[in-house]
Amino acid sequence: MRGLFVGRFQPLHNGHAYIIERALSEVDDLIIGIGSAESSHTSSDPLTSGERMDMILKASAVQGIRDRIIPVPIRDVNRYSVWVSHVTSLVPRFDVVYTNNPLTEELFHEAGFEVRGTAMVGREKLSGIHIRKCILKGSPWKDMVPAPVFEYLMGIDILSRLKGAVPDE
Amino acid sequence: MRGLFVGRFQPLHNGHAYIIERALSEVDDLIIGIGSAESSHTSSDPLTSGERMDMILKASAVQGIRDRIIPVPIRDVNRYSVWVSHVTSLVPRFDVVYTNNPLTEELFHEAGFEVRGTAMVGREKLSGIHIRKCILKGSPWKDMVPAPVFEYLMGIDILSRLKGAVPDE
Amino acid sequence: MRGLFVGRFQPLHNGHAYIIERALSEVDDLIIGIGSAESSHTSSDPLTSGERMDMILKASAVQGIRDRIIPVPIRDVNRYSVWVSHVTSLVPRFDVVYTNNPLTEELFHEAGFEVRGTAMVGREKLSGIHIRKCILKGSPWKDMVPAPVFEYLMGIDILSRLKGAVPDE
Amino acid sequence: MRGLFVGRFQPLHNGHAYIIERALSEVDDLIIGIGSAESSHTSSDPLTSGERMDMILKASAVQGIRDRIIPVPIRDVNRYSVWVSHVTSLVPRFDVVYTNNPLTEELFHEAGFEVRGTAMVGREKLSGIHIRKCILKGSPWKDMVPAPVFEYLMGIDILSRLKGAVPDE
Amino acid sequence: MRGLFVGRFQPLHNGHAYIIERALSEVDDLIIGIGSAESSHTSSDPLTSGERMDMILKASAVQGIRDRIIPVPIRDVNRYSVWVSHVTSLVPRFDVVYTNNPLTEELFHEAGFEVRGTAMVGREKLSGIHIRKCILKGSPWKDMVPAPVFEYLMGIDILSRLKGAVPDE
Amino acid sequence: MRGLFVGRFQPLHNGHAYIIERALSEVDDLIIGIGSAESSHTSSDPLTSGERMDMILKASAVQGIRDRIIPVPIRDVNRYSVWVSHVTSLVPRFDVVYTNNPLTEELFHEAGFEVRGTAMVGREKLSGIHIRKCILKGSPWKDMVPAPVFEYLMGIDILSRLKGAVPDE
């Protein structure tokens, strides 16, 4: 049995890690759809798809789940009526969708898929936007992401990337 | 060290399998770029990106290389001057490119990447177009692809897909 | 003589119905351009083009004007300098444009078309955004739309569509 | 009950007229999907979507079926995996598909729609490409299309349009 | 030696003129990249690319630098990871980039180009948005732009263009 | 008075140079529209827009017409019904169109522009395709292009570019 979990992973944080862990207790392997794959260098989407794949691969190697996750970039099509077809044509076959996003739930539900909610833990702090703000302000954020993610983001100088980003938040 | 190998995999055949095997003797892991990812249901591109990922995952599981390959769909941009940026933004960081396609070689070479040729074995027969023709004509093709690929393609009724395809070859 | 009236019809309301009625007192038939045709499932554009066509066809059948209106989906091109060419290439020939939108008026005026203003009646309440808000809040909205539109929207569960929509207003 | 018939109508000819007539003996109304809607001024697609709508409206008025047909422009998306979603989002709800095109049949069949074949009468001659060739060569073609279509095409000087067209056949 | 200076020039004002003058004291000729080239008829981008070229050509003729500047329209690609490749494929070869925009600086810097800052003079007032607001409010703006620009904008009735524009600021 | 001459300039050859010279005897300045601007690295379109601008600027400097020509990249839109609007929005205002291409003539004629034919001299040999073939075969081609063009193309190693190109002719 295979699951699909779509997120933007800007960056991958402990909330995502928790959902992935829980999903992997229910399915054999999990497609990790990297949404807005072609966006990068903006305040809300600083990282490229490739950088997000690198980050996900490093974290999953440490967690020993490298061969159970399937990361796949998914570009926006900005046309919700074809979005489910877009996703299903890009990723391998799956049985169940994990999401807390109302529109994702609505669209997969309309298309007849099983959708499972993903109750976030400490959602407020474990959001990408909160972490990006912490990085910019110099507030501590190390404990909100898996260790390999912190190391990776420091290595590519995430602070300078965010400073040069288009302010779209 | 990581390699990148881009193909269309319509379908994955023993020629591809040989290149992948050889590349994995030189690098730690290998990105398998699935070219023309958004094409499907045509004579030259019958399979969707998702079907090609399924096929690649099944074959690599059997070969025991599932955790050393990274399949990534790469859509066409039809603009070669930005193609290398397109690819590098989508896939994780890599060190060397494997290809025998002259344009791919030219473009990565112009961009300063190391490119390694991939001498095909029995190239004539081990081409996607030859295999697709065999399927349509009812000629034997089982021995040209890895066993899990044959099984997978029979399961999705590849013959009927090819019969309904747009004749673009 | 033929007119063109472009709107988004999210949903078709009595303000639109009044303009259509008035236009049909001046022209033989009226093209109803369904703007932002490829948008759907958002707060400001919940309905697909097809759903909007269904709604318009049902209402016009009841009003007995089914054979005098020509509904045509018009996708956004996000490039105003080619917008008039875009529209004229998609719809049948027409003689006059009905609109109160300043940009539509400016663009058709620059291109040499006759443009007639459409003074709205009770515009404040008879706007799509107001009706969508009423639906979400549970306020009465039945009297703001033609009867077949109300029936149609209830049939497709417009409330649940709006709840799952991307909040872009 | 409603049908969908997709064609390019370059131009509308007696073969199309026959299929429309037959379909209307089975369904209440018929959506006429105008394929490749955004193509024009080429040898295989000389007419714009709007010109094709004009032609279809004129012919249907003469045949007295104006209020039973629903012409809708459908642009190409060049991505067959989302094509059915594309079409269903653009046109009003329908119950059955009329087509003789193998790919259209395959795609709607995969998506679970009822598809009915449309046996052409004298297909060989009643094809758009044959009629366009006749026009260019000066051979007679008047009897291959409905009378209002002939009149319309003469009125817009179809010969000069074809002479200036991009030769893509 | 050749420079590249990218702006939107909505409209060309004395701040731009100052940067161009300074750049031409350092390089032989200067490419003037006209950004968001395909945007027009909005509040923030009222002028088409062609109108902006006309304005730039007129101003440069008066300043006697017509044969040292190379205006080139550059459309948005909305994908920053390929933006530098996009620009370099469109414009002739250049050696140095002039910009004060943080993202432009970041992207060209990541790609290995030399970037020179452009300290604005009286930046606050010499901004496109300020001038567009002055035009709309009827405040004086003649002294903020080169004389040929003022004359050109009056000639195309910039006030009426701005009044009909989509309000996106 | 200003003219517009659209070509692909793959490469700029003596036939183009002759048309430019003749046009400049009739108009004050001439827009040189660089068609298919975003194509490159193929057999029929080997050079990028930027390379073609470089080539045109060098040749025009030698001919002393640098300040009378205005080179502008024009990307394909693959939709002929909006093509004239596309071009007129991108380039500065012009009065007359120079072309021998039947479709360009038809489209500008339909839009009401004055079009002047450009009788080619020795057209057969002075075509881009002929010159590209000569380069690939090692036949002499130096005399078919302006001297600065020959020098420029040798400098960027046009032969190796053509060898790596996608064979689309």
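A few points about this structure:
First chain written, first letter: the chains are A, B, C, D, E and F, and each begins at residue 1.
Everything below uses one rule, namely that a residue touches a chain if its C-beta (ideal position, glycine included) is under 8 Å from a C-beta of that chain, and two chains touch if they have at least 3 such contacts.
Quick caveat: nothing in here was measured; it's all calculated off a predicted structure.
In summary, the chains found to touch both subunit B and subunit C are A, D, E, F. Hopping across touching chains, the smallest step count from subunit C to subunit E is 1. The distance from the centre of subunit D to the centre of subunit E, with each centre set as the mean of the Cα atoms, comes to 46 Å. Mean C-alpha position of subunit A lies 37 Å from that of subunit E. Across the assembly, subunit B contributes residues 38, 40, 48, 79, 81, 88-89 that each touch 2 or more other chains. All chain pairs that touch, listed by label, are A-B, A-C, A-D, A-E, B-D, B-E, B-F, C-D, C-E, C-F, D-F, E-F. Note for the complex: subunit E touches subunit F at residues 37-38, 40, 48-51, 53-54, 57, 66-67, 70-73, 75, 88-93. By the touch rule above, subunit B contacts subunit F in their complex via residues 79-81, 102-103, 105-107. Residues 38-42, 48, 160-161, 163-166 of subunit C are the ones touching subunit A in the complex. Within the complex formed with subunit C, the residues of subunit F that make contact are 77, 79, 81-82, 84-86, 88-89.
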